[in-house]
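Note that subunit A is present in both complexes that follow, paired respectively with subunit B and with subunit C.
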Partner chain A sequence: MNMFLHELKAYKKFTAIWIITLVGLVVLFLSMFPTISREAEEFKRIMQGFPESIRLALGLSVENIGSILGYYSYIFLYISLFGAIQAMIIGVSILSKEVRQKTADFLLTKPVTRSQIVTAKLLAALSSLVITNIAYLGAATVMASLVETKEYSTRLFLLLSMTLFFLQLIFLALGMIVSVLVPKIKSVLSISLGIVFAFFILGALISTTRDHALRYLTPFKYFDFAYIIQHSSYESSFIAAAIGFIAIAITASYIIYSKRDIHAV
Partner chain B sequence: MNVFIREMKANRKALILWSIGVFLMIASSMGKYAGLSASGQSVTDLMAQMPQSLKAIMGMGTFDLSTVSGYYGVLFIYLAMIAAIHATLLGASIISKEERDKTSEFLFVKPISRSKIITLKLIAALVNLLILNLVTLVSSILLVQNYSQGEGIIGDITRLMLGMFILQLIFLFIGTALAGVSKQPKTAQSYATGILLFTLMLSFAIDLNERITVLKYLTPFKYFEAKNLMDTRGFEPVYLILSGLIIAVLIKVTYIFYEKRDLNV
Partner chain C sequence: MSVIEINHLTKYYGKERGIIDINFDVEEKEIFGFIGPNGAGKSTTLRTLLGLIYPTSGSAKLFGKDCIKYGPELKREIGYLPSEVFYYDKMKVIDLLNYSASFYKKDCSKRIKDLAGIMDLNLNKKIDDLSFGNKKKVGIVQGLLHEPKLIILDEPTSGLDPLMQQRFFELLQEENRKGATILFSSHILGEVQRMCDRVAIIKEGKIIQLDKISALQESNYKKIKVQTSGSLDQNYFNIRGVSNLEVKQHIVSFLFRGNINSIMKKISETDIANLWVEEPDLEEIFLHFYEKES
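Let's turn to the complex of A and B:
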C-alpha cells in the first residue's frame, strides 16, 4: 500500500499535466466544429454536380464530417496519439526509474516481493490513467453537447471516447514489457516517443489500404470508428487481440522482472 | 576533438535507427503511391473545390495526390515531424546527459572550458542532423524517381530538405537552450518535447481554422510548408529571418546559462 501511495504521489504532477493537455486538445478541436460543420454542408452541395463514383470515393467521409460523431472520429486520431504517449511514458518509466534514480537497492531490500512491487506500480499507473480518462470523458461530453445543436447519440459518443482508455491500456502494457526487456534505459522519452510515433505512422500508412489483417499491427487501428458508429459496439476480434496482448505482456513483465538482475549503485 | 568523437560514437546507434526509420517510412509510402495515382482526373477537380478545413482533416492539405510531387508533399509533413522529434530529443539530451548519467564531474574537471565542451557537443549534434537530413534526401530522390514519370522532382525535394534542415536546427537549439537553462537534467527533455507537441498541434489547428492564421508565426512547422516550398513562392524571407533570429537567440541562451549554472554532481 505504501508503494502504491508513493507512486501515486510521484506521478501526481504528471497526471495533472496530461489531463490538462488532453482536455485542452478536445476543447480546442470541438470548439472548431460549428465552422467545419457549415463548410461541410456547403461542400456537399458542390458534390451533387459530380459523378456518382467519385462521390462514393470521397463522399462517405464528407457525409460524416458534418455530424459531431463523424468530426470526432477524425480529430480523435490526434487525441489518441497524445493519450498513447502518456500511457507509454508511464509504462516505460514506472519500473525502470528505480535503477535510473539509483533507488533500486533501497526499494528491493525492503521486505516485499518483486511481484508485490510490480503489482503496486501497475495499479498506480492504472489509477493515473483511470483518473485521466474520467476527466477527459467529462470534458469531452460537456463540450460536445455545447457545440452540437442537432440530436446525437450520447451513448455512441461515450463508446468512441472510451477507446482512449483501451488504447492507453495497450500502450501501458507495451511500455512495461519494453522497460523490463531493455537492459538499461537512459532516456524514457526517446524510447516512448520513438515507439508511439512508429505505430502512429504505421497506422497512417495502413489506413490507405483496405487490408484488414494489417490493422492488427498497430493499436491505433484496433478501434475503427466507422464500425463502432454503425454497429454501436467494438470489433470483437480486435478486442480479443488487445486483451491477449495485454495479458501476455503483463504476465511476461512479472516473470522477467522477478528474475532479472537489477543494477544497484 | 575528443569530446566530438565521443559524442559521435555515443549517438551512432540512435542515428542509425532513426535513419532506418526514415528510409522505411519513405519506401513504404511510395509503395502506396502506385495505388493512388490510378484514380484519375476528376477526383482532382473535386478536391480543388473542397474547403481547406476538410482537406486538413483528411490529412491532404492542398496537394494534388495524383502527381508524385503532390503525394510527396503530404509525406513531407510526416518526415518533418520525425526529423523534428529526433532533433529535439538529441538537443536536450546531448547537453543534459552528463548530469543525468552522473558523468559531469568526470568531464568538467578536464582541462577544457565549458564553452568549448558545448561547442564540440553542438557540432556533433549538427553533424547528426546533417546525416539524417542527407539520408532523407538521398532515399527520397532514389525512391521517388521510380514513380516520377519524367516529372522534375529533384529540385523540389532538395528545397524541401533545406527547409527541413532549418526546422531541425530550430528544434535542436530549443532542446539545447532548455537543457542549458533547466536545473534538473530530466526536465529539459520533457519541456522540449512539450514544446514540440504543442507546435505540432498548433500547426494542425491553424489548418482547420482560418481565423487563427495569425498564430502561424508561433509554430516552426508553418515556416517551411511543402505547398509553399514546391510552389513558385519558395522560401519566404519573413520566415528565414525569423528562423535565423530564433536560432541565434537559442544558441546564445544555451551558452550563457550553461556556463554560469551550478551543475548537479
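Let's turn to the complex of A and C:
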C-alpha cells in the first residue's frame, strides 16, 4: 500500500497534465462541431474532392460528419493518439524509472518481493489512467450535450468514448513489456512517441487497404467506430485479441522483471 | 552461529567475470571487512547477498536461509547502504525516510530523529539540494533506521568528511554492541583495520586472503620515504623487513614490514631533511600477496 501511494503521488502532476490535454482537446474539437454541422453539405463536397485513400487514412466517413457521433468518430482518432501516448509513457516508465533514477537499490533491498513492486506500480499507473478517463468522459459528455441540439444516443457516445480507456490499457501493457525488454531506456518520451506514432501511421495505412485481418496489427484499429455505431457493441474478436495481448505482456513483464539482475550504477 | 554463509558463489555477467567461487562465513556480532580494488567483485558479492543480482552458481545463506529464496523476508533484518546513493530527488529527506520506514512494521520516527541528530542531517531539505556527502548521510540513516540485525555497507565512507566518518564508525560500533553483524566493503585499508575483526581480500573476483585483522597487522606495511641531508650508503636501510628499496640521490624510499621501532631508530641515527611515512595503498599490499604466491 505504501508503494502504491508513493507511486500515485509521483504521477500526480503527470496525470493532471494529461487530463488538461485530453479534456482541452475534446472541448476544442467539439466546440467546432456546430460550425461543421451547419456547413456539413459544403464540407462533404470539399471532402469528396479528396482521393478516397486519403479520406480513409484520415478516418473521414463523409456521410455522417454532420451528426455528433459521426463527427466524434472522426476527431476521436486524434484524441486516441494522445491517450495512447499518455498510456505508453506511463507503461514504459513503470519499470524503467527506478533504474533511470537509480533508486532501484532503495526499493529492491526493502522487504518486498519484486512482484509486489510491479503490482504496486502497475496499479498506480492504472489509477492514473482511470482518473484521466473519468475526467475525460465527464468533459466529453457534457460538451457533446452542449453542442448537439438534435437527439443522439448517449449510450453510443459513452461506448465510443470508453474505447480511449481500452486503447490505453493496450498501450500500458505494451509500454511495460518494452521497458523490460529494452535494457537501458534513456529517454522514455522518445521511445514512447516513436512506438505510438509507428502504430498510428500503420493504422492510417491499414485504413486504406480495407483488409480486415491487418487490423490486428495496430491497436488503433481495434475499435472500428462505424461497427460500434451500427451494432451498439464492440467487435468481440478484437476485444479477445486485446485481452490476450494485455495478459501476455503483463505476465511476461512480471516474469522477466523478477528474474532480472539489477546492476549497480 | 553464522549470519552469512557464502558457498562457492560465482557470478558471470555473460562472459564477463563477476566473482568466482567465493567462500566465507561471517559470525554473529562480527564486523567483517571486505576489501579490494575497484572492479574486484566487492559490490557483486554484496548485491548477490541482497538478491539484487542472481548468482550463476553457488549460494549464500543469511541467518541460515537462502538469500534468494527467502530474500524479501530476510530483508526485514537487513540494512543496506549502496556505494552510490541516489534517491527520489523531488522528495524531502524526512519524506524519504518515512517512506523507507513504512516498509518495516515498526515505528521508526524517534530513531530517524536520533540518527539525523548524530549525523547532523537536515531533515527538511529536498534531496535534490543535498551535496554528495549529505546524500550519503541520508543513505546511512535510511540503512539503520529499522535497527537491522545485519548491516551491509558498500564503501560507506566515500564522500564523508573525517569528522562524519568518525561519528559514523562510532554509530556502527554502537549498533555492533547492541548485537548487529556488520559486513562492509572498502578499498581503504585503514578504515578496515580500524573497524573489523576479520577481513577478506578480493582481487579479480577471487578471495586471495581471509584473515583476522590482528594477523594482517603483523604484516603491517609502511611506505617510508626519507630525504637525507648528506649522502648515504646505498645499503644503509637494507635491513630485515625492508623491500622495494630505491635510492635516488638524497631520497630513499622503501616498504617496511616489522617492528616499527627498529626502522625509526635507524632513521633517527641519520641526519634527515624530511620524512614521509604512509600506509601503503592496496596495490602495494596486493603486490605483496602476489610475491608470496609466486
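Things to note:
Keep this in mind: the second predicted complex is superposed on the first by the 245 of 265 C-alpha atoms of A that agree within 3 Å, B and C clash if a C-alpha of one lies under 4 Å from a C-alpha of the other, contacts with A are read in each partner's own complex, and residues count from 1 in each chain.
We take it that a residue touches a chain if its C-beta (ideal position, glycine included) is under 8 Å from a C-beta of that chain, and two chains touch if they have at least 3 such contacts.
Predicted, not measured: the structure shown is a model, and the values here were computed from it.
Taking subunit A as the reference chain, the count of touched residues is higher for B when subunit B and subunit C are set side by side.
Touch criterion met: A:K259 reaches subunit C, while subunit B stays clear of it. In the superposition on chain A, contact is made by A:E42 with subunit B only, not with subunit C. Of the two partner chains placed by the overlay, only subunit C lies in contact with A:T113; subunit B stays clear of it.
Once chain A of one complex is fitted onto chain A of the other, the partner contacts of A:N2 are limited to subunit C, with no touch recorded for subunit B.
Legend: residue contacts after superposition of the two complexes on their common chain; A:D105 is shown touching subunit C, with no touch to subunit B.
In the overlay built on the shared chain, the residue A:S236 is in contact with neither subunit B nor subunit C.
Across the complex, subunit A meets subunit C through its residues 2, 6, 10, 101-106, 108-113, 116, 259, 261-265. On subunit B, the positions that touch subunit A within their shared complex are 14, 17, 21, 25, 28-29, 32, 35-36, 39, 42-43, 45-47, 49-51, 53-54, 57-59, 78, 81-82, 85, 89, 93, 97, 100-101, 189-190, 193, 197, 201, 204-205, 208-209.
Within the complex formed with subunit A, the subunit C residues making contact are 13, 43, 47, 50-54, 71-76, 78, 80, 82-84, 86-89, 99-100, 102-104, 142. Those residues of subunit A that touch subunit B in the shared complex are 21, 25, 28-29, 32, 35-36, 39-40, 42-43, 46-47, 50-51, 54, 57-58, 61-62, 65, 71, 74-75, 78, 82, 85, 186-187, 189-190, 193-194, 197-198, 201, 204-205, 208-209.
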